[in-house]
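Encoded as structure tokens, the structure appears first; notes follow it.
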């Protein structure tokens, strides 16, 4: 997929930068970031505060212990499978305790593309969506229309549910329900050639899914496994929302974790 | 310092992107990245490979345990002090086991600027600099001249010593000697308004320092503590060198580690 | 101190085992153990569940990430200093980011001794002591008397405050107040030749201390630094209390962490 | 199995302590311990060296990051399965990323029993066994006979191969071959009612196994899965060997890791 990010596309995307204002969509990393209750809170440790021989001089060092899918992160292609297959027909057996031997995140590279943010609670006149709300393709289209933005092939589409603060403050109930995109959005993604879908919630898609028969995380399965796209979770879209910024140059610089499954 | 990255500067920097080709300067993260022998090798663990109730479906999760100053990283302002002071006169007491209460890396934000790479071994006709070589201001100027690039205020300057592979293959001797910039480069940085200095070695500056009387890491002390600038270490400049790319749009998207001292 | 554990003493201690019943005083290790809110919750991760080539066969591996002073643990001699000195006059400078170069826990070895448990809330007719209760030498003597046990030189003395469950259930307030032994107990320890003092609370001693002028953790300073003894914290004494077991063979088998400061 | 450790057995075992000398069989924990090259070296970090308000006073704290099967450790029952079953017919599905929901090491408790060490290289007149040597039941019997010890039901049997130092010094080749007990020892264990088998090597049993058709780790499968016994690996038996100590009181105090698979 990311092969679509040709030099021409990259140059085109840079053209979108019109104001020079930078919005950081990543959550704080450490004890404070949003994290699903089933995962561990990250550790940030200062492992060394030392003083050298000249009095008053010294230095410090630190350590990060984190689950790659805690706080703001990209889900890599090896995060999910069905029919025992990853994207591109690779066997799920390639995901071993030593890491993903295929579809590892070290292959992602920089993401530089046009970005669009769709603010669904704003469309609905709500502060945040209710817990069992599944965002439909129609709602995405309505939001784009009311915001005055088009969806173009290759866009990075970021969906706002209004739940960023709920997660960041640890107020999301561990068992669900969390609003997110409906299973029916997969077709919409395919039709619009959208390969990177992000949201301000824990799983992009509604959780638990709309119907039990869909199995666990149906949008993950389609987006990562069938389409070879990516999901970005726990994005902080609050500043974009407040300033009504809906179209922008989107840049992500993923850590090149060898065999990685997710990227903090 | 990063206050200099105004919207106007950002827009100006984007103008430098002329070819749309992206070079990733970060080393692999995990067991393979370069790391000084005094630090721990990073752990990348797959902590979950599970299968859900529908046969053939499943997912995986991973964990990263890393020192923030291992592999490619930015040194934050709290990394070094002298006279018991950090940059801007903050007391070194603000660096506590809970993190840097002042000068933490969460304040850095995106770095978007003009970048210049100065290839010193190329200037010297060497594959890599000798272990005790201290790169002087004159050598930086000569390299810039021979490469046909100017150094402009606010540039991100990346110095190549040719040692990236040496470190990445674990062939650098633990005790030193490593080539790097001379203490005399600090004045050059100040005169050129250079606030981000990077290199392909462990400490940017020569180690051990040129004279014992300089104390430990004299360039760190000046750059981080006195000038409020940053250092970027273990950069992979090999591809830039190979393709003679000396001037470019430089982008870094630092993890916002609360109270952080370094950034992987 | 532990030099007192001569073969004769060890043989004598074994003689105390009269019933053959084993009481495990250690708390669960992992997410569930008691931990002070200022420390991190331990991580226990299964980092590998794999299946080998013969169908139905496989194995699993796990990882522990823990602060050495979380859950039940021994405080080593390098845990505290005053006058810039550790026990035996060693400079506090020996405690470096690489570990304790003197007084590390690797020197502790097995502890095999007579143990005595003193149940203070039982003496007071309470379920647990109030938050600001400082246990005095008189109370220790009274508890020993009413329980019918003598305190002998070299004993491991374990003091029950009744707060084990409070900590284990995360109900202890982060800022204090926690009951524990008074500063005046130090003299009592010295007079009775008690070198290992344990309790079912976070710091053995009352926290915050009885008077601000005492500085932080005065019992720690005396016991670890002046007397060269040890403290054992977060002990689960509930079963001993329930069965009125007050005298016993005490055994601890400390992990030999090189340069360690505490032992899980 | 450990139900056999009745109070009577415990009391009987204490009777074996005749000299009061304590031998610590655990390896150092941290950077120095023996570890198989496929696992990560443990981290021991000092995460806090701080000074309180009264000058000269202060304290330190540390952190341990370790694989539970690195250095000296006990293999728990959930470490291995075949026929998709753990010991006692529990489904292997109980081993989840959250830990072992059945057969977790928190159930082990203290081990107090008679111990016997069998020194096979001594029997052979060697410093250490050759890499492909599979220790047979006959050799175990011969060693016991020549050492003048009986094997009694319920004993903890420790087999010396002479490879402790090889592993501790990182000189064992990653791919094998390592000497260890033969598959045929399983029957011998069963006949002698031996439920805890230890050795001074990485896997107790020879690796790779004697015949490929046996699958991976056949002794593990029998001992842990079929017999419900335990294995103890990387034991330091050097001091016992040097002093010809072959019969002793064996004590182990396992960390109670909830859902744990191995115990450091």
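The chains carry the letters A, B, C and D, assigned in the order they are written, with residues numbered from 1 in each.
Note that contacts are C-beta pairs under 8 Å (C-beta built on N, C-alpha and C of every residue); 3 or more make two chains touch, one makes a residue touch a chain.
Just so we're clear, the structure is a prediction, and the values are computed from it rather than from any experiment.
Contact tally for A-B versus B-D: the pair with more C-beta pairs in contact is A-B.
Averaged C-alpha coordinates put the centre of chain B at 44 Å from the centre of chain D.
Taking each chain's centre as the mean of its C-alpha atoms, chain A lies 26 Å from chain B.
Within chain D, contacts with two or more other chains are made by residues 45-50, 61, 63, 65, 96-97.
Judged by the touch criterion defined above, the protein chains are all mutually in contact, each touching every other.
Put simply, chain D touches chain C in their complex at residues 5-11, 14, 17-22, 24, 26-32, 39, 44-47, 49, 52-54, 56-69, 78-85, 92, 95-100, 106, 109-110, 112, 215-217, 220-221, 251-253, 255-262, 264.
Touching chain B in their complex are the following residues of chain D: 40-41, 43, 47-50, 61, 65, 96-97.
Taken together, the chain C residues at the contact with chain B in this complex read 45-50, 63, 65.
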